[in-house]
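Both of the next two complexes hold subunit A, though its partner changes from subunit B to subunit C.
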Partner chain A sequence: MAIRRMRAGVKSRSDRRNQSGTAIVAALVVVTVVSVLSMAYLQLSMSKNREQRSSVDAKRAFYIAEAGLAEAYAGLVAGKSGNVGNGTIPARFANGAFWVESVDEGDGRRTLTSTGMCGTGRSALSVVVENVPEPVGALGVFGDQGLFVGEGVLIDGYDSRRGTYGSQHPVVVGGGGGGGGGLLGGVGGLVGGLAGSEEGPAESRVGCNADIVLPGGLAATHIDGDAQPGPGSSVLRGLGVTITGTTAPRTKSAELPVLDVPSLPLAGDIDHSTVRTPLVLSPQESSFGALRVRAGASAVIVGPAKLVFGSLQLDLNATLTIDATNGPVDLYVSDYLNMAAGSTYNSTSHDPTGVSLLIAASQSIDRNRDGIPEPPARIQSSGTFYGSVYAPAAALTLPSQLELFGAVAAKQLTIGNGAKLHFDRALCAPQNGDGALPQMLCWRLVELPDVPLVQMRLDPLSVMELNGITPTVSKDAHYDNGDDPLAGVVGVVLRVIQGSK
Partner chain B sequence: MIAIALLGLVIGNVYMVLGDSSKAFGSQTTVFEAETQARRTLDRIALAVVGASRDTLFQTPSAPASTPELNFTTSQGLQDGAVLEGNPQRITLSNADGYHQVTWAENPDTETERKSVWTKFAAEFLEGETLNGDDDNGNGLIDEKGLNFVLEGNSVLVQLTIARKSADGAWITRTLEARVTCRN
Partner chain C sequence: MSATTASILARVVMCAAMLAGSVAAVASERADDRSSGRPVAERVQRILTDVSLDPGLAVEVAGQELLALADSALPAIFDAFCVVIESTAASETADGAPTNRTESTLLYVFEHTPAARLTPLLASPVTAESSVRARLAALRILATTASARDFRLICRLATTDPVDSSLERALETTLDALVGRDQAIFSVLERAYPTASVGVRRVFIRVLSRTHTRDSLRLLSRVLYREDELRPLLLVTIGRMSCDLPRPIGEDVLSNVRRFLIEADPLALPEVILAVGYLDDDESIPQLIALLRCPRRGLRANALWSLRRITGLGIAETPERWTTWYQSEREWWQHEWPSKLAGLRSASPDKAKVALMEIATRHLFRHALAKAVVELATHDDAGVATLACTTLAQLASRAAVPGLIDALDHDDAIVRMAAWNALRAITKKDLPPAAVAWSAAKLGS
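Showing the complex of A and B:
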């Protein structure tokens, strides 16, 4: 009995010993499976997170690269080279960095390549921009093959966008120097300052692709602004000539674009001689073989109008008035312009940007059969004209009786004694989409450059921080023309430090 | 007996938990894959279209019409002083091997054609849309395909639906859209 009990006790202990641990095996299996599932789920979440972060970084890098292009473009407009930062020390922007390389492609074209970096994202974009030449009016008072400025001439500037000429030029009481009028008398005679203008009066621009000749004389000649001759040419000036700005030669010649005379519906010839009734021309766009306003008669051209004349003649005491109050007036003269002495040429609007006299005439022809060829363009009128005069193929003389507010450019330009020209800087501004701002020709994605900061695919700001490099803020990272963006960074080696994100 | 019953109960519960977890995991994986596919494909389309010349998007209609095919060219930069246009490219939704594929092709329909499949899991129609001549999903488009392009001024609206079957046979769909302004 005791033996049986003892055996039973041994068996019971043995069974318990055999059973112990079976629960933990099952528990371990369950825990393992749950752990594996949890790990897989964690991996999935992390993978999803990485994928999303990578996608966001790529997009941010793209937009930072676009911001780089915009920054470089702004630099170009401000006269910089277009280089911003460099591959070793990029410019900082938001939570990333970029740099822009600018390559001169010739013909006024430039390729800007911007590389943007943010986190692990990288993007490289490229645009080609083209410098659009300034409007012809921006040349100011300009002669292509020669510029002669007579005695007692006043050439100054103003900006019609800021107000009238009178509001930007000081009132003169008394006057100092002789000859050229009280306005030229020097600062001692100025009273009242610059009424209606916070800034000083705008300066004029006088230029030429050859020499500028100012013989001077008893009457003072005054140029308030620059007078720049062509490359290698000079300003030849005599006594009594004042030029307040630079007389340094231009770095390159300015090209006067050929005048493209538009083809407009033909409306015949007009020979107006009725003295009592003025001729009013108000067609929007027309072409006339000839317009002749006979002695004592008058004609008014009302804008908006674009008119082409084969010949335009004003006889003695004839008057031509341009009314651009309601719209711009563009007058093209293709063969012959003659505004005789004693005639009057006026404009009612005081906005020089609204009136253009565009002279395509170029041939000297004996038209009155007196054996002497007449020049293609002759302006001997008196009056006050607001607008721009452009004669790229003809010599032009502006008489002293005509006061011009605006700009004038001709093949050869002579400014008669005592003439007054007031250059309007508003003519420098882009007009009709033709502006001085660089235009984008093409945009494209390009391959990433082979630069350590790009290839290592780490957060660029962290890498730079770990290497002791402080990136410059983008607006301060521009390089001037002629500066080498890589000067000073040659030999800088970025270390990749373990643990950098 | 009681111990065996309890053990069976526990094992059954564990099995059910594991089964549900596995299903959920599979479903999440499919959702993740669908989202990833949709985002990647849409990013690739957007990057291709952003450099396109606006004038070359000649087959892109305006709403309520849309097209599953976009033909365009991109700029290659300056060459010999002139801006060089690249080869014609096409992004389209097509049926092949039983899949609705989004494909990109360079020089399409020529001997020099280069082709790449960007996804095989596009839906035939955009999410919520069926072929019935009506605007079922209320997005202003009628019977639009799983990939469709709509011209909006200088921009192109790209909409994409990715449809994938999960392990339990249910369809997982993800729809994304991007509005891309052509830079050229």
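Showing the complex of A and C:
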């Protein structure tokens, strides 16, 4: 019994000895299992976190892409092309970046594709917007039923918002091409059009709903810009005629809106013949049966003014000056306009957007009873005129002595031999109450573009910072086609980014 | 029946009697004139006064009386016509039709005078130091009487130094009439073209442009290489004329025009670019795509216009996209078209439908595709015919117009509706769904 107990005691001691360390193993197993579980949980947690972050990045990228579309849209409204940043150096927005590509689809439609990036998130959206009707001034030099351009005529363009005509045309007749100005000069045109590129002067716009006839001759005729006839019509040009822009027909006819002559308080007739003292019409809104400035006399109309004349006549050597320095001047002629040869018609302000000569007259009537009916509008004055002339119901001939800065549109327009017309692209900008916003036709998600910054799935701001690039903030990243402010560095940056990839 | 015949006969006899009476009366007066020994000019004037004052005196009768006068009366008659032409110049109709009975009478006389007697008379204003009035009168007469053989005379009459615009207008009227009367004028005109003055050549172009025929288009394209000064006008005319002609335009015309695109003719490149667009010349597409890289914005814009017109695509001014599209289309034509053509011609409607669905997505040589597809627009299987009409609407080729008009008479209402929709889409005209209405409209196919 004792022996058995002894054996048992020995056995239990040896068992205990044998069992020492098993707890460690068990503990180790438990620890390992717990560690593995912890690691797995950590991994799961991190993965979840990454997923969440990725999801948040994707959402942010989406909203940044939306912001890009809004930015481009705002650019269009402001008369820009809709391009913002580019695929190599996007525009910075919040903690991400975007760029927008704007493509002219013709017929006044434009596709904006915005790519937004935030962290690893990427998103690309696209909208199609449609042009709004342009202001009448945007037609440039326009004849509804016909346009005849005489020999030796110069028609070019400038943008009064960018400075004077002289500063944009150091040489009067520039070389061809025009620096690619007028991005939207082709078919259609969008949102008030654009000024030409920064490199060259803005181009003119010449148009018609029928044929444009330029017979040419010994003296060179030069149109620096587009000359677009009506649908199914053509530009018929002779020798010595240069047109730097397109001559393709318009896709649809342009409507000349009927002139709505305002009803203003009647102030009687004025027949001014005093040579020594000029007649001064101070700022006002009035209607006159007639204004006649007799031979040798002069009249000054001071803005802001809105004046309606039944008839407006300038006799030989009479002078009519428009002073729009302090405000715009709108002159309506409802019945008869006659600016006789030898008279002078000019404006003191160099801002064509401030002066309008609006001719509602349409009837040819024999007014002097010589048996020959007088046309409703006749401009034979000389001078330098800044403003727009609009005669939707009358044929108009612009004489060579009158140099026009602005725009002119008439039912039938003839540009006299040797005349000079300088279209101001500032007239393309939507006027108050005249230009609606571009309409959005459709919205869609599109495939991500194949661009290194997009494909890398790294934080775009970090990548750019790593490469020493400071992206422009979105509001300053607008640029027009062919006028990329980042063009010089794009190639270098692209290589840097591709290298870092 | 017999009573009606008798009545008609009685009326005819009465008319003949009246005519005979008139002739007799006039003859008797003429006999009086002869016997009285009045000068010829006076007698001519008297007859003309009679015809203008007496509505009862038929133009033909007075004309016959004038014709009956001796040959020596012709110069007097011509002089009288000069006076009439001058007085009626203001009221002259656009087509040169006579405006009063006197003019009609005189024209009747010239129409019935043998050419051997008339031609020397009409040539007299050229040889002599004659007035514009006489030339105008001669041209007016030639508008009624001339054939292609008189072409040189017509040109000489119209050519003065300095150029007279009224003569150019008269030349235009004369040639307009001649072109409608004598087809031989085309070859004569082509031979005369290089030596004609600029003004006369301009008139030729205008006259030919109004004929709206393939022959005129061919002629204009042939004289292109002989023309420098008026080449832009010629190209514009060719382009505009082609709009009214069935597609496809003949390869001879296309190659004559395309040549100036390939050579990048500096004189008229903007017009050449637009002309190939108007002509729907698919073979010029590579040159047009190349022009999208041209530094001159105007040429790029013209090229884009032509590309869009030829293909019906709205791709922007991106040469890469155009190049990719063109290459894929060429490959399709090289590798896929034979099988698709076989599908179109197959007896199985299913195979035809598969081919049609594939063709609908193509834009290169779309007029040729339309020609191949249009036969199926009247297919017995309504499904095939409907799909063919839809495909033709997608191809937007005017070459399909006649076939689609035929499809308007299809037995199946859905086919008729599809054909009508296709016609409206292609022609942009909103006519009723009746074949008669579409056939009556001048669509230029």
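Everything that follows uses one rule, which is that the second predicted complex is superposed on the first by the 276 of 501 C-alpha atoms of A that agree within 3 Å, B and C clash if a C-alpha of one lies under 4 Å from a C-alpha of the other, contacts with A are read in each partner's own complex, and residues count from 1 in each chain.
Going forward, contacts are C-beta pairs under 8 Å (C-beta built on N, C-alpha and C of every residue); 3 or more make two chains touch, one makes a residue touch a chain.
No experiment lies behind these values; they were computed from the predicted model shown.
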| item | value |
| --- | --- |
| Touching partner for A:128 - first (subunit B), second (subunit C), both, neither | first |
| Touched partner set for A:55, first subunit B, second subunit C, both or neither | first |
| First, second, both or neither for A:33, with subunit B first and subunit C second | first |
| First (subunit B), second (subunit C), both or neither touched by A:226 | second |
| Contacts of A:244 with subunit B and subunit C, given as first, second, both or neither | second |
| First (subunit B), second (subunit C), both or neither touched by A:236 | second |
| Touched partner set for A:104, first subunit B, second subunit C, both or neither | second |
| Contact residues common to both interfaces of subunit A (with subunit B and with subunit C) | 105-107 |
| Subunit B partner contacts - residues on subunit A that touch it in the complex | 26, 30, 33-34, 37, 40-41, 44, 47-48, 51, 55, 58-59, 105-107, 109, 111, 126, 128, 441-446 |
| In the complex with subunit A, residue positions of subunit C that touch it | 229, 232-233, 236, 239-240, 243, 270-271, 274, 295-298, 301-302, 304-306, 308, 314, 316-318 |
| Residue ranges of subunit B in contact with subunit A within the complex | 10-11, 14, 18, 21-22, 25, 28-29, 32, 35-36, 39-40, 43, 47, 50-51, 74-78, 81, 83, 183-184 |
| Subunit C-facing residues of subunit A, complex | 103-107, 176-178, 180, 182, 185-187, 226, 232, 234-239, 243-249 |
